[in-house]
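Accompanying notes for the structure given below.
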Amino acid sequence: MSAVLSAKGLVMRFGGIVATNNVSIDLQKGARHALIGPNGAGKTTLVNILTGVLRPSEGNILLDGQDITGLAPHQRVQRGMVRTFQINQLFDSMTPLQTLALVVAQRRGLGGKWWQPVGSDAGVAARAGELLEQFRLAEVATQPTRQLAYGKRRLLEIAIALACEPRVLLLDEPVAGVPAGEREELLQTVAALPADVSVLLIEHDMDLVFSFANRMTVLVNGTLLTEGSPEEIAADPRVKEVYLGHGCGHDTPQGTDIQNG
Amino acid sequence: MLTILFDGIAYGMLLFVLAVGLAVTLGLMNFINLAHGAFAMAGGYITVLAMQRLGVPFLACLPLAFVLTAALGALLERTLYRPMYKKPHLDQVMFSIGLAFMAVAAVDYFVGGSQQNVQIPQWLRGRTEIGDGALLLGMGHYRIFIIAICAVLTVVLQLLLSRTRFGSRLRAAVDDPRVAAGLGINVNVVFLLTFAMGSGLAGLGGALGAEILGLDPTFPLKYMIYFLIVVAVGGTSSITGPLAAALLLGIADVAGKYYIPKMGAFTVYLLMILILLWRPQGLFTRKGGR
Amino acid sequence: MDAQRYQAALRAGARPRLWEFVLWALAFAAPLVLPQHALMVNEIAIVALFAVSLDLILGYTGIVSLGHAGFFGFGAYVAALFAKHVMPDPTVGLLVAMAATAVLGAVASLTILRGSDLTRLMVTLGTALLLLELANKLDWLTGGADGLQGVVLGPVLGLFDFDLYGRTAAWYSLSVFLLLFVLMRRIVHSPFGATLMAIRDNRLRASAIGIPVVSRLAVVYTVAAAIAGAAGALLSQTTGFASLDVLAFDRSADVLLMLVIGGIGWLYGGIAGAIVFKVLQDSLSSITPQYWMFWIGLILVLLVLVGRDRLLRPQTWFRREKGAKA
């Protein structure tokens, strides 16, 4: 099986800081691949690099074997690489219906039409309606997004990504901040994604990660620590150390000049 | 040509003193204050009126202009500007344009619309010439005076920023107001003092510059673009950025008007647009600065 | 809801309402019913067209431009020069002016794509000032500070001569305004318009759903420039005169104020603002001709302090704003 998304040797430098240090990752077709690591490990930075928001200092990215390292974000979306954001990025003045109609129209190449009114394409409206139903947003479909409760906003965030008909989907902490009661809805939708969509999931919720993923990558301080199946990762002592910390044995010796640290 | 360079430097230093308050305000409060020129105008008119009506000598007018304009700035910051910080930039633009309009019309009403002349003291009115021919350096004494004062001000500002407690509080507040407040820095006071100082400097610049730049009620609108250029090109994350930008602008303007008089200010605007296209964050901002 | 209901919900905003037809009918009737105000109607139509063109940029893509008058003035001069030196037909002149301003707009759009709010403010301001300087210096072409005189226009469509009362002028301007307004209305309510609003609301997400933000901005900016140029052309064509003040900063500021008064982001805001502004200007000018600027300034300051969205709800004026947007 060849990788749908293949990133090699990605390095990201911000001034003197190396946020991403020679990271390579392959996403197989139909993958359920999780990216985990402690806070500040550079997971979101990696997603930003993959989607083109950041330009890497080194390395390249291949989508379906084609080099997309130089492409702008919207061009990558047009080729089927879609992401969600850790913090909801929505269109506050538009309603969920308008938002999804917009995304679907854009996906179908109708975003440039300037003479016909929105809603004249029945297919677009129908698909938007499907998504609204699927994500339980139908009741709030005509309310401005800024008035929606957080849980609904999060659902919309994911719905937007799906409306783009992704072939590669990068989910950045999809259940972050979602109240426990609404997590189930979200999890079920994530689990029900089409089998040929390749998903990269960034999450802290280990239950979700282990139930979802068939492959995991661990990122620490911008560097790839290890990669493997969930069983391998769960058994890896280094991973445990990263999450649980060292035992004892890191004390500063007496009389050390701390200022030279 | 050297004379042009010299004149350009004098003009640039003047622009710097006038615009530095704007740069700091933008960097600190993220507030686009298009009425900044009105403070400069205030300083100029305070000087003119004090000299003409009260017989105050020119040199005494300079600190007077600074103090009075600073006080005005402090008053306006506390009452009008403070609620505006969180508003979107469009609102800030409209608000400050409105203030500028009001200032222009008010001055026109109370003092009249004609050009005001500042009688600079006799000892500043000379001119010294060194060299000859193409390397003739003609230095008007008033311009020497301006360069000297502005240089001193620049050094004082730099010291203030880097050596004093206030300076470090200011820098902290510029970098991240919320964290600064969390550290116990009274951000409101920092804002107030900074705004007052910036306005005071503008007023001082207006007083100093009345002789060179002219002084009439349309001053804020005429020179607003120059101040904005200094800030946009120079960036808001340092003092040296706007200084360099101001010098560049001063020299470019003087040289442009001399060598290609037909084009006038055209060269300056074109230069600015090109620079901003090339480096939208300004020529001298450090990466990541606003 | 089923698919049809969703469709209907989406279309709801686009259908013209009754009051719109009434409004336009009244506008067209005005020069007939109030012939002594025909010139005023003409001015309002022109300036409203200008304001609405700015709304395309400001309200629908969120770009603050301080130099929109650059396009207005450019269109005015092109139309005047065309009438004077090439051909006095107004319609052809209008089209030429629009085309020329569109080219200028396309070039200028390259300058507003990157950078912060401040940079864009600078660049738009600088462009307008540049044009003003050019017009000033190229006085052999433009008449410089004296303005371009002796512009005589032929009859509109070969049939309607410009009369002294200004009625032909008013109807001409209103017709052009209506045509362009319909165009803008279609654009704004189309999928293209939806992408503009997406860009305005959240540029990051817009590009993350595949919208080519940069090219959309360039297109909109060019269209808005062309329409502003049309407004300018109408001005010089109906007054037979073009002077430097068509490029002045005042004009850019005035039209911004009109939008702020009338409401940004719904096309009729430009019209409402233009009417209010012109009427205010007329009445205040007769009271204090010189100090018009003061009152404009005061209105601007008060408007912003009270809050743009609370202007039409006086009961909210003195309530503290809760949780202002960071």
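Order of writing sets the labels: A, B and C. Residues in every chain begin at 1.
The definition used in the following text is that a contact is a pair of C-beta atoms (placed from the backbone, for glycine too) under 8 Å apart; a residue touches a chain by one contact, two chains touch by 3 or more.
In this text the structure is predicted, and so the values were computed from the model without any measurement.
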Per-chain Cα centre nearest the global Cα centre, belonging to chain: C
Chain of greatest Cα-centre distance to subunit B: A
Distance between the centres, which are taken as Cα means, of subunit C and subunit A, whole angstrom: 42
Centre-to-centre distance between subunit B and subunit A (centres being mean Cα positions), rounded to whole Å: 47
Distance between chain centroids, defined by C-alpha means - subunit B, subunit C (Å): 33
Touching two or more other chains - residues of subunit B: none
Shared-contact residues (touching 2 or more other chains) in subunit C: none
Complex contact set, residues of subunit C against subunit B: 58, 64, 66, 110-111, 114-119, 121-123, 125-127, 129-130, 133-134, 136-137, 249, 253, 256-257, 260, 264, 290-294, 296-301, 303-305, 308, 324-326
Subunit C - residues contacting subunit A, complex: 1-4, 6-15, 186-187, 189-195, 197-198, 200-202, 204-205, 207-214
For the subunit A and subunit C complex, residues of the former touching the latter: 51, 53, 72-75, 77-78, 82-83, 85, 89-94, 97-99, 101-103, 105-107, 110-120, 122, 125-126, 128-129, 132, 138, 141-142, 160, 163-164
Subunit C contact footprint on subunit B (complex, rising order): 26, 32, 80, 83-84, 86-95, 97-106, 108-109, 221, 225, 228-229, 231-232, 262-266, 269-270, 272-273, 276-277, 280-282, 290
